[in-house]
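Chain IDs A, B and C follow the sequence of writing; residue 1 opens each chain.
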Amino acid sequence: MAEVAGGRGVLGQRDGAPAIELRGVSRRYGGHLTAVQDISLSVTAGELLALLGPSGCGKSTTLMLIAGLEAPDEGEVWLHGRPVARPGLFVPPEARRVGLVFQNFALFPHLSVAENVAYALADRDGGSRARRTVELLDLVGLSGAGRRYPHEISGGQQQRVAVARALANEPTTILLDEPFSNLDAARRSELREELRALLRSAVVTSVFVTHDQAEALALADSLAVMHEGRILQVGRPRQVYDEPTTRIVAGLSGPASFLRGTGAGATGVCALGSIVLIEPAVGPIDILIRPETVGLKRDSQGPGVVERSIYQGPDQLIVIRLDSDERITVRVPAFATFEPGARVWPRAYRPLRAFAAGV
Amino acid sequence: MGGSGRDSRPRPAIRSALTGSALFPLTRVRAPAVSRWRLTWVLILGALAVAFVAALPLFVVAGRAVTAAPSVWLGLWSGQIPGLLGNTLALVVATVSFAVVIGVALAWLTERTDLPGAPLWRWALAIPLVIPAYVAALALIVLLRRGGLIDRFLTGALGAVPGTVPLPDLFGLGGATLTIALCVFPYVYLPAAVALRSQDRALEDASRLAGRGRVTTLIRVTLPLAAPAIAAGALLVGLYVLSDFGTVSLLRYRTFTTVIFNQFAGQIDRSAAACLSVILIVLTTPMLAVEALLSRRGRRLAAASGWRPPRRHALGAWRVPALGGVILVAVLSLGVPLFTLGGLALQGWLAPTDVDRVWSVGNDGLGQQTLNSLVVSALAATVALTCAFAPALLAARYPSWPSRVLLGLCLSAAILPGLIVGLALVLFLATWAPAVHGTALGLGLGLTLRALPSALAAAEPALRGVPPLFERAARSLGSSPVAVLRRITLPLAAPGLSGGWVLAFLTAMKELPTALMMRPPGFDTLPVRIMAAANESVYTQAAPPALALVAATALPLLLLARRGERGLEGAARTNG
Amino acid sequence: MTNGDMILKVTPPVHRAFTRSGRVLSRRCLLTLGGLALVSAACAPSVPPATAVPNSSAAPSAAPIATKPSTPTPAEITIYTTRAEALFKPVIDAFTSAHPSIKATVLTGTDATLGTRLIEERASPRADVYINADTLAAIDLSEKGLFAPNPSRTVAAVAETYREIDGRWVSLTLRARTIMVNTNLVKPEERPLSVFDLIDPKWKGQAGAADSRNGAMLASLVAIGALQGDAKTVEFVRGLVANRTKWFSGHTDVRKAVGNGEFKLGFVNHYYYHLSKAEGAPVGIIYPDQATGQMGLMVNSTNASLVAGSRSVEQAAVFIDYMLGSEGQKLFAERNYEYPIASGVPLAEGVAPLSQYRLASITLRQLWEGLAATRALAQRSGLP
């Protein structure tokens, strides 16, 4: 369903215009520092898109451009089939009906939880405002906390208040800037599911920004990988993970090791020996090794030595130093024992993906 | 080396950090380490001692007021008191309002808009602090009174009958308000600027995304968040106005301090003065309470992670009027007084009249007087800051009502009129420390008490702003509580503390009534010289010491500018 | 050794205190010590050395050579005075050249600051002589026991109405309460002849006077009350207020305003007229209430006193005698146009002798006795 063509991506469309559309948008700071370079993106209504990338790749800036807190230097931004930013036109953020959940939640410290949520409801009369506030607090599961102040509630609760506030005005789009980075890791997966269910029930188009691969893969309906201001690939999470178009996307979308090798058509040669390639390639290649695609066998003739093992509970990651001085990481069940120094033979379970060296 | 980072922290260190910390409130103490108890008690005793000395004038006054005959109280309430109370309150309200409006507006312009030349304005709008209000009053009187410079100029230029050219009336509520507000607005401007500068961009963005426009965001988010800092500045302005004596006497505006002073004219009645001073204290208590309330709210507004500086709004067509307004304030508060004084000094030097020649003899020792001022003020500021440390640390670490009462006692020396403070100290020293009485050290003590609140105002937020986290970390690494204070707390609080020194130094340099009362013969400070000449209306001879005062205060300030600004910034930031 | 071990290995905290941050503190200590040193150097001369007090019964006017050791050590006296510095300095200079063995230090101020200071520092007085220009304040302080009796013969030679019996205070010069006019604005035939003309509606908004902060003004009111009854005082005060009189804290502003033409009349001490005239202002003077049945001219005085508990009583008495002597008196008469109390001292040019005028029949002491009541009355009637 996804089409990838030279850095642009367009998702499968449903009826009507896409909820969010960016067309060739660029944004520079100070004339020389380019935050976002010529990106184009299209988000279907009701979809949950994740922008994944390392720090400084421009994902937060993209969010700000959609929200209207920054203006693009080039290109156009469209919301629900209407232009909101283009040369000669700029619709201010308060007019865009977009909600934003900030990384540090940005709850007004001088207002109570209920007042924070009601802040967006100024144009309603008292009665309807109170009703809507109660409704929203119920929606996020904070019914009794209306009178408390932001500094009196936990991080997870603060996030929910921020979401409630962003949803108050019934926006058609909600943007979330690294929503989980400020929460404790222990509850992260729980909170993730809660937030996803919340967003689904609110029936909004959501875009969230993260540098956490697992989070992006778990939550998103579609995933856009960004690097140095550009969108490298857009598609379903499974697709991006399994079929990365470039080496950089492979590295950004999941745990990855690379081996130098030489392609000879359908197979290639590398430190692991001869391996089958998914797509035929010739010449110098970088072979992608995902931890779960390789198995280990103890073999005194093997090309690699166990360097260390990282215990993870249900399984463990074994770091192997190959004779070619490269390292790969392999996931094995927890009960398997591989002592450091043991010689092993890693074997690929299935054909591997390769990229032309230097891509 | 094995294991991930998780279990690498040694357990004993955690435990000692928890129990060995100097920071748990006294009520929750578990296994006390001897050194921690010793430190806490030293702190409490130190704070008590400082508060006791600082509150000596208050005790003297309260004692006299309590033992005053009822007839004195009754006599005070007849006649002019209600009117003068009204005058005083009117002046306080007007000046505070005016100063807050100017200060906040200017802070917003320099910190939140694209005003051209903002760094220059930030500096120029803070400098009026070095000009005492009575010096500004002097300059304005010379310019605007009947027969003054502007009157003579306009009469000549327009060829009008002398005495008929319309001039703004300086001698009244409007004149007094304008004069004082133009000198004290930096007390509001500086903390407001810091508060506006340190707000998180995300808050205003959140407001705009909630559908609120720019103006609503300003009123409902930006200003309320800066309110504690603005309130602290407004309190300083209010206290200044209430205890001001020189300015209102020059401008002939009759306030409470005038009435208190009158009790000593003709027939000296100290008990009446004491009663009035007690009323003055009562007047200031609501102000202190309001500020304490607002600053407590301000403590909730901690800086969040991922802080980004706020956006600057484009002024567009408003750029020119805004710039004009800023320039107007700078000219009125800085340019006019300096220019007038410079002109007066030149006139007295180049074209002296007989009176000038006679009076200039008194200014021969100008260098010595400047040195006197500098030395005794620097001494007072240093001692004040050192003394402020104990009560401030106590209030910052153990915020409960006893420590706030101690703080209030320390502030009392600034609320009482300077004359009263000087008198009480003279009494105390003459009775208990005759060797110090009548010496420059006695004067230093008086100035220290008057400067103590300024030092406290900066020291308390600075110390409060040192996160207990760092102190706990230091304790876990084996430092004793005293060493933690010296190596962690002090250096981290240093910017705020040095801002406190600067404020205390300014206050001591400008202090007039206490210096009048307590100085030894032959040891004059610059404010004394200024008022001596101004009281005789020999303005040309009041100008040289006034200029010397401004220069002597501004130069150390500029030298400490970096640290001072960061310090004032730090003080204001942690104050909300 | 792990990193943690290395960090935990600490040097004793005391040692640490004198390293990095310790230096900050010791720098501050140095500053304080340096400041203290400077300040104590500056204030050393101001601490009066304890001089031996010889038998004070010896007549101070006699040359003290007989009772002094062969090499006289310089004695010091401290003078608290409310007189203007510019005026007083020549007097000090003259005294020092006449009596080089006595060093005189002056502290200027107002009766409010200096008088209250005298009261508060009673336990350890710093002053030896108190000289002021407000009779009422002088008598008040005297009654409070702050002054010592002055047995000097020179003091005793002054008329009794102008001193306390035991010499606790003595008048140095006199000043008359007069009305000053701007000659450009007031024609000779319009001139007021009595202080009560000031409440005449024809002078509405055209007069200036000192308010209740000024002792001379209060003394005038007491005189009116004593000589013409309290009702007259009330009428006078109310009349002044109703006439929109401009109020000032001191007479200098009044005289300058009259000279500038801001208003036409000023109720001032006589020498202010002379000071303005010397500056070239178009002013004239009226000695009021001279007609039969009218009050007479009111006067008050500048005064000198010995402070009780002073450590240099003998030298202080010498100083007061000097001020009562012809040289001291001449300085006041010449420089400030005042009326010297000693006879035979010439007045400054242009000053009309007091003998020409009929004085109000009230003594200085009576002025003080009526003060409290009059002040309350005046303030109730609206005197600012």
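We adopt the following convention: a contact is a pair of C-beta atoms (placed from the backbone, for glycine too) under 8 Å apart; a residue touches a chain by one contact, two chains touch by 3 or more.
A quick note: this is a predicted structure, and the numbers were derived from the prediction, not measured.
Contact count check for B-C and A-B (C-beta pairs in contact): higher for B-C. Of all chains, C has its CA centroid at the greatest distance from the CA centroid of subunit A. Rounded to whole angstrom, the centroid-to-centroid distance between subunit A and subunit C, based on C-alpha atoms, equals 85 Å.
Each chain gets one centre point, the mean of its Cα atoms, and the points for subunit B and subunit C are 33 Å apart. Inter-chain spacing, taken between the CA centroids of subunit A and subunit B, is 52 Å. The residues of subunit A lying in touch with subunit B in their complex are 67, 69, 92-94, 98-100, 102-106, 108-110, 119-120, 122-123, 149, 151, 165-166, 168-169, 182, 310.
Interface residues of subunit B facing subunit C in the complex, by the touch rule stated above, are 8-10, 13, 75, 78-80, 146-147, 162-163, 249, 252, 254, 261-262, 264-268, 270, 353-355, 358-359, 361-362, 372, 375-376, 378-379, 382-383, 386, 419, 422-424, 426-427, 429-431, 434, 437-441, 444, 477-480, 482-483, 486-487, 490-491, 494, 516-517, 519-523, 532, 535-538. Residue ranges on subunit C touching subunit B, taken from their complex, read 4, 7-8, 10, 13, 16-17, 20-22, 24-25, 28, 31-32, 35-36, 38-40, 42-43, 45-47, 78-79, 84-86, 89, 105-109, 111-113, 115-117, 119-126, 134, 136-137, 140-141, 144, 212-215, 218, 247-250, 252-253, 256-257, 260-262, 278-279, 371-372, 375-376, 379-380, 384.
Those residues of subunit B whose C-beta lies close enough to touch subunit A in the complex are 4, 200, 202-203, 205-213, 216, 220-221, 224-225, 227, 297, 300-302, 304-307.
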